[in-house]
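Sharing a structure below in structure tokens format, with a few things to ask.
Order as written gives the chain letters A, B, C and D; numbering starts at 1 within each chain.
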Amino acid sequence: MSKETLVKSYDTLRRDVAARDRGLREKVMTLEEAATLVSDGDHVALGGCTLSRTPMAMIWALIRARKQGLTISRSITSTEGDLVFASGLGRKIISSWFSQGIVWGISKVMRHHVEKELAEFDEWSHMAIGLRFRAGAMGIPFMPVRSMIGSDVARIRGDEVKPMNCPFTGERLMALPALNPDVALIHVQRADAYGNAQLDGLQFMDIDIAMAANKVILTTERIVSNDQIRRAPDHTRIPFFTVEAVVEVPYGSVPHECYGQYEPIFAQLDRYAALTSKDPVAGAKQYLDEYVYGPKSWPDYLSMVGMETLLTASRRGRVIFND
Amino acid sequence: MSKETLVKSYDTLRRDVAARDRGLREKVMTLEEAATLVSDGDHVALGGCTLSRTPMAMIWALIRARKQGLTISRSITSTEGDLVFASGLGRKIISSWFSQGIVWGISKVMRHHVEKELAEFDEWSHMAIGLRFRAGAMGIPFMPVRSMIGSDVARIRGDEVKPMNCPFTGERLMALPALNPDVALIHVQRADAYGNAQLDGLQFMDIDIAMAANKVILTTERIVSNDQIRRAPDHTRIPFFTVEAVVEVPYGSVPHECYGQYEPIFAQLDRYAALTSKDPVAGAKQYLDEYVYGPKSWPDYLSMVGMETLLTASRRGRVIFND
Amino acid sequence: MTEQTSASIAYTASELIAIMAGRLLVDGQIVFAGVGIPLLAATLAQRNHAPRLTILFEGGVIGPFIVPGELPPSTNEQRCTRRANMVLPSTDVLLLLQRGYIDVGFMGGAQIDRFGNLNSSFIGPADKPTIRLPGTGGGNDISSLTYMIVAMKHEKRRFVEHVDFITSPGWIDGGASRAERGLPMGGMWRVVTDLAVMGFDEETREMEVLALHPGVSFEQVQDNTGFPLRRVPEITTTALPRSEELALIRELDPGRLYTA
Amino acid sequence: MTEQTSASIAYTASELIAIMAGRLLVDGQIVFAGVGIPLLAATLAQRNHAPRLTILFEGGVIGPFIVPGELPPSTNEQRCTRRANMVLPSTDVLLLLQRGYIDVGFMGGAQIDRFGNLNSSFIGPADKPTIRLPGTGGGNDISSLTYMIVAMKHEKRRFVEHVDFITSPGWIDGGASRAERGLPMGGMWRVVTDLAVMGFDEETREMEVLALHPGVSFEQVQDNTGFPLRRVPEITTTALPRSEELALIRELDPGRLYTA
């Protein structure tokens, strides 16, 4: 069955989930081990949004593992999308917005790859992406919506969206196809060894992504005991049986932020912007060589970011608890 | 426009919400004042489920205010449904299950009213009720589902459900009509004066109900400051602009439970079962006279329940925090 | 059926059903359980042979542990959440069925028919019932979307040729009719009573006796059933309830709320 | 346009847009705002004439307060959540638009046309663009489902006869075409630039100048617009930015991240 099927059949969805061992079991492993759970050509959804809770360490590990040909989906795509294209990790990104961030202007790396037709950026409205994941999470093959109608955003999607009428009211709606990724990469503040995850603050589309995907690779700032999870079960946001790997990666979203833990590393983001705005090809290559292929390990990469920088980002990240 | 329309038109939905003052404003009032926000014939959805977080004090106030002809919807209906029928507050209940609770057998009051065609109990599957509220909360007129298909539960709903095929996969689905109640009654552990509400533990369908309804009447174990809410905004579950009334009612779910606060008052539930199992009409009338019409106030009713009983229920309710 | 003795140990019909049903659960499974016998059976399995079994409740609970002597009155009270892994909205826990995460659902019913269809809505015609029953709850959703174990007392008035109303679909009219009606997944898997364990023929989907409880004959089962039962050639006899199993059930439900 | 003086006070084009846009907001409204000028405008309104204004961010935030000097880099970082009333999944905050809770959306764009259609996706044809822009984000959802204020620089290359691509629908082809296309709610309400405040004719839905900023002539606005502009008969002149307004903008954005 082609990985590029727009909507997985219910039979496929059910068979894929049924094939997994969903019993309560420990899944702690390294970034490198977790990377082996992703196959070339997989559809991989990324949690977080823009500069926030991006599963950066896991993306970093997948690039280092020389994975190729992934399709990536994400609510809003920032520098991690550039790295996906520039490294060859993926050739197609499904997103509502793609650039480093407003303050840095339009991504030259995105422009280079898309305008030269080296890669695809499939644009959907932000809510449409969210509802595609939500339909996937709910086990239904489509979700009706009242936006995208009448715009070119819908027009260029062709058969990927279907105009329809409500069977009760006759109102005009747009049917969005469910999105069930093969793998979801999600970074959280804490999880237990089984994969029960707690998420502080902004959740974006992560819960729906976790439920929609066939399996979740969880990176976490820290692993806590199952007892801690059970003390406040109403704080669990992702249930263990969706998860195939739990990797403890402190500062796992750097240079992006992790809510309540650290703010973005603006210095590194500025450096990246400077490198790629001069020359998107050479600049991205230099960045990949220096910061992705170069370091011996994730802590080694963090050392390059710098202790003082990380401590400052952490201090700023915790500032919300002063309110 | 008839209150009994199955699916409200989008025009109606939008106009009703637009007509409300959704600005940040204080809404604290008494049970009696809040009761005036409900009109005879309204569709009123109830939060909670079975014996849990039932908005009992508000239902009690509506019965005392001699409201009539309500349509009630709730995930699973227990003794509050009996009181709705027996008092004449409502003549139709939309629910997936209706009886006091498994341990007390089948409700004689429900049986009396339904079998004698004095009132209606419209049965939907539990998930169907939930998805009807969810569609209403999302502002879409229907939601596809893969259950209810092929059963008599769907058959007796007639035109209220619509078999359909997925526009992408062709798979057989059932379209469920959105449910947008006129009013939602929801009891929570804490809320601020604006109506920002926090819910501990079991949430049931309450968030969807709050978003689906045109307005929420919130009863709360206690009112906290807006500053407390803003300290942990990711714990807010119902946003203030859905809410029209905030009523502080300690023990507002008695004789049902409120998560982390108190367990059900089993003695009172046993007494109710004993009264109504002998004679559903006379028994329910005696209960209403004694415990609903009789007391001067909600605290007066609580006095009849008894101090020691309440303290024991509270001690048992807090036991989850020992884990 | 009143008390039976297992060697020297007495047990009730409900205890027998809970024990026999619990034995059907497999380690690592995710089980959607109602309160009462299903919960007792699942907890028994978890404590005995299936420590990695995960119990789910309709009220929105994943992986709780029940405190002995504090059984919940329904799946929707805080007693259901003790030491759970996750508490979530009830619509979302039901959606796990639709998404395919649940291995088996576990419930009772007022009537069951030859093809495993369950009725918990109406005795008599739906538009003029003799008895209005409490209704489906999550039963319709569970039985539409996953495999089912049904636990109930074996009485002729409950095992009927045709249920008065299909609340929770089994194999509908047998054969491929369930899938043809639009329910491609799941189906009725086992029916556990105080007399026997039954399954359904792979082709016709008619109910068939797989195993008899100790001291029970096939004829006795047939006599308490309102339609002709099939029997598998290699019909077996279940092992007697063990004293540890009975002790655990009684520890969980000392007041015999669900096992009287 | 570079610095202008308001009596003795200098201000930038961005500051002017933020101030003029902020004045359009009404107390008690719920505003869906992007970062940059929309956020500055909404915060300004909240501090001045609209204390009960509620700001929403696409990242999933209801009713936050922004800390001066700590503007968020997008609507999706923790700086957006400071002292918020509620934080929720981003899909759910967008669904508030569909449910009808939002009075006005507030955003920018790369191109706008005579009927208020906005483009933030492609310069040139979509299948072979000269410039691939970042895309819709929530823009399409917001403009499909509620009334809109657009804030942007007034340049001929941005105010075009036809946008290359309708990312965020305005009045489509004018007249009743928006509703006929299947968008019965909302629509483009105001466009605020560094030259003027514009609305749309009630019938034709063509862009029309409602008010000119101090020192700006209608001809100057027309010269910077790629299509013929209508003007209302009672065209007015906006009041000069007040020093308190400018002071507040500069307190919020001391590094001139969004107001340079």
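One rule holds in what follows: a contact is a pair of C-beta atoms (placed from the backbone, for glycine too) under 8 Å apart; a residue touches a chain by one contact, two chains touch by 3 or more.
All values derive from a computational prediction rather than experimental measurement.
Both subunit B and subunit D are touched by A.
Set side by side, the interfaces A-C and A-D show unequal numbers of C-beta pairs in contact, with more at A-D. Separating the CA-averaged centres of subunit A and subunit C is a span of 41 Å. Centroid to centroid, with C-alpha atoms defining each point, subunit B and subunit C lie 29 Å apart.
Centroids built from CA atoms put subunit D at 59 Å from subunit C. In subunit A, the positions touching at least two other chains are 10, 139-140, 145-146, 201-203, 230, 234, 323.
The multi-chain contact residues of subunit C, meaning those touching 2 or more other chains, are 61, 81, 83, 87-88, 95, 98, 185. Taken as a graph of touching chains, this assembly fits none of the simple shapes: it is neither a line, a ring, a star nor a complete graph. In this structure, the chains touch in the following pairs: A-B, A-C, A-D, B-C, B-D.
Per the touch definition, subunit D reaches subunit B in the complex via residues 27-30, 52-54, 61-64, 81, 83-88, 95, 98-101, 103, 184-185. Contacts from subunit B toward subunit D in the complex involve residues 10-11, 13-14, 17-18, 21-25, 137-140, 194, 196, 211, 226, 229-230, 233-234, 236, 239-242. Taken in their complex, subunit C has these residues touching subunit B: 35-36, 58-61, 73-83, 87-91, 94-95, 97-98, 121, 126-127, 129-141, 144-145, 165-169, 172, 178, 181-183, 185, 257.
Within the complex formed with subunit C, the residues of subunit B that make contact are 49-52, 75-76, 95-99, 101-103, 106-107, 110-111, 114-115, 121, 123-128, 130-131, 133-134, 145-153, 156, 163, 172, 201-208, 257, 259-260, 263-264, 317, 320, 323.
Looking at the complex, you find that subunit B touches subunit A at residues 6-7, 9-10, 139-146, 162, 164, 166-169, 171, 173, 175, 177-178, 200-203, 230-231, 234, 323.
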